[in-house]
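To start, the structure under review is shown below, and the notes come after it.
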Amino acid sequence: MRIDGRHRDELRPMAVTRNFIKHAQGSVLIEVGDTRVICTAMIEEKVPPFLKGQKQGWVTAEYEMLPASTNTRKSRDRNRGKIDGRTMEIQRLIGRSLRSVIDLSKLGERTIWIDCDVIQADGGTRTSAITGAFIALHDALTGMVKNGQIKEMPVTSFVAATSVGIHQGEPLVDLCYEEDSNAEVDMNMVMTEKGEIIEIQGTGEERPFNKEELAKLLSLGEESIKQIIDFQKETLLG
Amino acid sequence: MRIDGRHRDELRPMAVTRNFIKHAQGSVLIEVGDTRVICTAMIEEKVPPFLKGQKQGWVTAEYEMLPASTNTRKSRDRNRGKIDGRTMEIQRLIGRSLRSVIDLSKLGERTIWIDCDVIQADGGTRTSAITGAFIALHDALTGMVKNGQIKEMPVTSFVAATSVGIHQGEPLVDLCYEEDSNAEVDMNMVMTEKGEIIEIQGTGEERPFNKEELAKLLSLGEESIKQIIDFQKETLLG
Amino acid sequence: MRIDGRHRDELRPMAVTRNFIKHAQGSVLIEVGDTRVICTAMIEEKVPPFLKGQKQGWVTAEYEMLPASTNTRKSRDRNRGKIDGRTMEIQRLIGRSLRSVIDLSKLGERTIWIDCDVIQADGGTRTSAITGAFIALHDALTGMVKNGQIKEMPVTSFVAATSVGIHQGEPLVDLCYEEDSNAEVDMNMVMTEKGEIIEIQGTGEERPFNKEELAKLLSLGEESIKQIIDFQKETLLG
Amino acid sequence: MRIDGRHRDELRPMAVTRNFIKHAQGSVLIEVGDTRVICTAMIEEKVPPFLKGQKQGWVTAEYEMLPASTNTRKSRDRNRGKIDGRTMEIQRLIGRSLRSVIDLSKLGERTIWIDCDVIQADGGTRTSAITGAFIALHDALTGMVKNGQIKEMPVTSFVAATSVGIHQGEPLVDLCYEEDSNAEVDMNMVMTEKGEIIEIQGTGEERPFNKEELAKLLSLGEESIKQIIDFQKETLLG
Amino acid sequence: MRIDGRHRDELRPMAVTRNFIKHAQGSVLIEVGDTRVICTAMIEEKVPPFLKGQKQGWVTAEYEMLPASTNTRKSRDRNRGKIDGRTMEIQRLIGRSLRSVIDLSKLGERTIWIDCDVIQADGGTRTSAITGAFIALHDALTGMVKNGQIKEMPVTSFVAATSVGIHQGEPLVDLCYEEDSNAEVDMNMVMTEKGEIIEIQGTGEERPFNKEELAKLLSLGEESIKQIIDFQKETLLG
Amino acid sequence: MRIDGRHRDELRPMAVTRNFIKHAQGSVLIEVGDTRVICTAMIEEKVPPFLKGQKQGWVTAEYEMLPASTNTRKSRDRNRGKIDGRTMEIQRLIGRSLRSVIDLSKLGERTIWIDCDVIQADGGTRTSAITGAFIALHDALTGMVKNGQIKEMPVTSFVAATSVGIHQGEPLVDLCYEEDSNAEVDMNMVMTEKGEIIEIQGTGEERPFNKEELAKLLSLGEESIKQIIDFQKETLLG
């Protein structure tokens, strides 16, 4: 039994509120246990300089934690004039993950800005952000098809993410903050609906881990991401 | 009749969700029409350097708009490495307004950090932030009294704010974004429960205004802030 | 009797040296009591990006205090890599005030840069800056008419500013630093030659203030700004 | 046959010059094919604030590419006033990898600063940096034992890293720049001398990858890192 | 005959207004032809960290040009978040020059902040700043002796500076802006009252120069600095 | 006899490794005693904005010290978000020195970026950088002539630099760090192959110096730079 009563392969309750922010073409509030992230997708009618004239679009992501999202107030990056290393890593991961399932050549010369703002953090903010941002992006793209901006959906696969880890020798899925802080091994996985890997990042926080442990974590993550993608499909396609 | 069907002295619907963020000692989601702001109050057990050893506390505020809160995506201040002039003005106003109704000597050597994060903007974000932040602050202070951190409530008065303005020659209260963008005169008022002025900032955006117009705006603002403070009291004291 | 022997409705001696800096199209040293500000107006033959192609000009202002202008040396903003919140507020106020009396469509696609550098501060630096900057701007515009850059003066009204406040229960005008630091209520007013309000910013620093007090402050400010505009006219039009 | 004539499981030639910089307690020039990195370890007799008084040390890493290290000149981060996201990720990875094999409690209250400066880049700069930095760190620690600063070596295991990837459908090890730029899948692995995983980061750059492919990459990486650690041992222990 | 009618060894008219800024312990407006610089000296009762506990003081300088001081408006360094290279060089030169004639051990643990703000530039701003700053510093030190902060004057020699250069083949002293912009060789000299060199910085802007030319420039500079120091003595000692 | 056994007019051993970095069009590792600097020259097919359309090229230089190049680790400028004053001065000096011997009109609209990265410092880093950068620049230009990018070599003269100084009353050349730190007078000289001066910067660090001392230093520097230019010629023209 885990700290919050879950089985070791049990995901936390997940909820999604669509159209959460009226100005964004796609927007959700995603709740994964006590972790809550606002994910928005906004369209800009131009591409970054390195893509000019290449007849393709771009998807980019930013991630931020509100000061009150953590137990001890987190000072705003803008006050230090530079972005936190962890933040940088996470927003690059979100961007890569989403781009991997979008056919950018079908977007036209447009940028879709994904913003993931964590309003309450309890572990798994980056994976929740990916899961939620995909829904916001899907909604924005559906809107673009509807109003004729693009001809067909550029989505090549659903994508979702979760964390797995080893805590007190046990492989667990979807770690809450307390589990995450004490995990010996911590791994984030991003997968497609076909169970293929888009990104895998595993760290031996307290100790190295061997290949058997890695195999267990991979299976656990794969099973869980399947459930999450089912949830996404239900939400979006109903 | 106004653009959204209101009378010229009619406030937009206001809603407050308390305890919106679990990590903050006080936190609300305030909704004023389509304007939505998360206001949190977090306690830090030290004061800024200029107050060290003076046996008093401090209340300070930060304000930020999420990128998707506005019609066109607002780039994050952290990326430019400096804070927007308007943001700076607003957070200084929020801080001054709240400090004016708190007896800082009763706080002990503590700082209360107020964070106002606008998740959706439709005019009146700074005044909604003040109104909401007061509730979050009140909740945090009530908690401090309950758990014995302080002996008595340091609140000397309720405080709330609203905007008034002249639009097409007519004095209006609580302007939505469209009204605000086209107003000839724009004024923000912060008042106490006794109808006294804490802060008044009026600007002739399109043209100067005379003393008669000022008098009308003041009355309109005063009446409206009374209603808002009634709403705060009902929310807090039930 | 006030600390410097003035009556409560008496302005400090005001002096203006025109053509103080040879490189600027308009430039004054304005002295208001011991407050001294260099105000310059320089013309640039382009507009900011947001105005391109709109057949109008722009007026923008920057404000800074020299390190030795204050009692304790003020560290330069450039060393901290960010602009002081108060500085930001003041330069936005100066810019708005001047733009409100200029018909920007008569400027052509030009920017007029106003720089207000405080070399000695003794209260009222922002209002002195507005009063002085208007003269520098008027001189620069007169020069532009003379040399044929523009056809007619784009000035729609004279504009000047002063501070009023309540100090030991008494309404005072044009507060010096010592009065300002101890004022219960502090208000800055910017008005046109017709006695209309362009900007009003009142703060209850020590306590809230009521409508009767506001009315007294407004009258006092109005009377005083009339005198200041008379002084400006005498200076400029002789 | 690969672009540079190697077999798919063949590492590039590796060379290490120890004591490359006289001021550092440990320093190497590591060359992996055409990739060349200066790795230094310098001791500072204090710990970062968050470790003060905890009777343990710290190991931290910085990574930078010289402007001429890449084909097109890379502008220095200092000129933009912020650190590149990729740089941030890499230096965090280097730091974590080294800390995972050091018993920090045996360091005393000291920080060991690892600097990895890439003077020529041809793929695999981050993994070469980890492999080289471990040698520099080992040398610095050996020196500390010799001169009595610490009693015993705090190294719990050797650590090294390499890249693996899928290029034109083939799993390859130790990718050079041209292979890396065209790889479908890219993975960095950091392992101990016992073949345990410290860090694994795999990205489907061009397409997702399945579990069989992952398994092949893991084996390939494991074999190769064994060889690299043999090389490290020969270099250090002779 | 030079562009402004001077002989080639003739200095521009020099004027100094002492006590120009009331808040500084020493302050002058120095005018050298059309070049005008405000130089102030302010005392701070602490030393920079690297001098703590060393029983000596410090003298440091900052230099800045007001936006309107140059023909084309000079944008403020604070807006770019970094200090101009030329500015940096100049303020380091001013600091070194002044420190070279002050016995820092007689200052006590104090910092004297020198600020040189150019309000109008017409060549020779850095040398005028040194000449003027010395007077401000002397005044501040005299005040410290008078009020008992220090026992004796820590000044070991007077110091002044001027520019020399080769323009159209002719060695000239104290170049105005137009001469300076077209000079083939440009040299700044800082000397003591005994004719000894503190700092010499010569640059072949348009072409290299030989030792004979250097000798001529040195003589010219030496003669002129003697005159300037005579002027300083007259000003200060009457 | 000097600290390292040299005569007072004896240069340290100098060595140059050409083609040190494969991506740069010209690159050397220059070693002057224990001082080692990587100097590279890279060509960019555009000029800075202020030269656009002027049918000439530009040469610009950047200088940086690696953290481990100095005895105590030097923190990276990028972490403070601003460039060190000394660094700024040095890279401006390198750029000016190289430009003075290049006919920029023969470069075409190109920028040559010179990067001087100090990997080990033992005095004379700036002068070694100039000497080495000239060789890298010469190699890059020779390559441009060979591959037809430019028609003829734009080099008008060889250029090299060294330091001279007065240490314990004796004039010395090419000071190592220990001599440099204790020198009474410190001077950097940059000269052409004809023995003409491009730049001279002398500072009385501990005391002023007189004209006789200056003359001695000049002769010493001139003799030494001749030897260095002979070495450059041998290296390049062999």
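General observations
Every chain is named by a letter (A, B, C, D, E and F) in the order it is written, and numbering of its residues begins at 1.
Here, a contact is a pair of C-beta atoms (placed from the backbone, for glycine too) under 8 Å apart; a residue touches a chain by one contact, two chains touch by 3 or more.
As the structure is a prediction and not an experimental result, all values here were calculated from the model.
Think of each touching pair as a link: the shortest run of links from chain B to chain F has 3 of them. Centre to centre, using the average C-alpha position, chain E and chain F are separated by 28 Å.
Chain B and chain E, compared by their mean Cα positions, are separated by 51 Å. Once the centre of each chain is set as its mean CA position, chain C and chain D turn out to be 59 Å apart. Among all residues of chain F, those that touch two or more other chains are 81-83. The ring of touching chains, read from chain C in the direction of chain E, comes out as C, E, F, D, A, B.
Contacts from chain C toward chain E in the complex involve residues 21-24, 27, 34, 38, 40, 42, 44, 62, 64, 66-71, 73, 76-79, 81-83, 113, 115, 117, 119-121. Residues 81-83, 85-86, 88-89, 91-92, 96, 100, 157, 191-192, 194-204, 207-211, 214, 218, 222 of chain E touch chain F in their complex.
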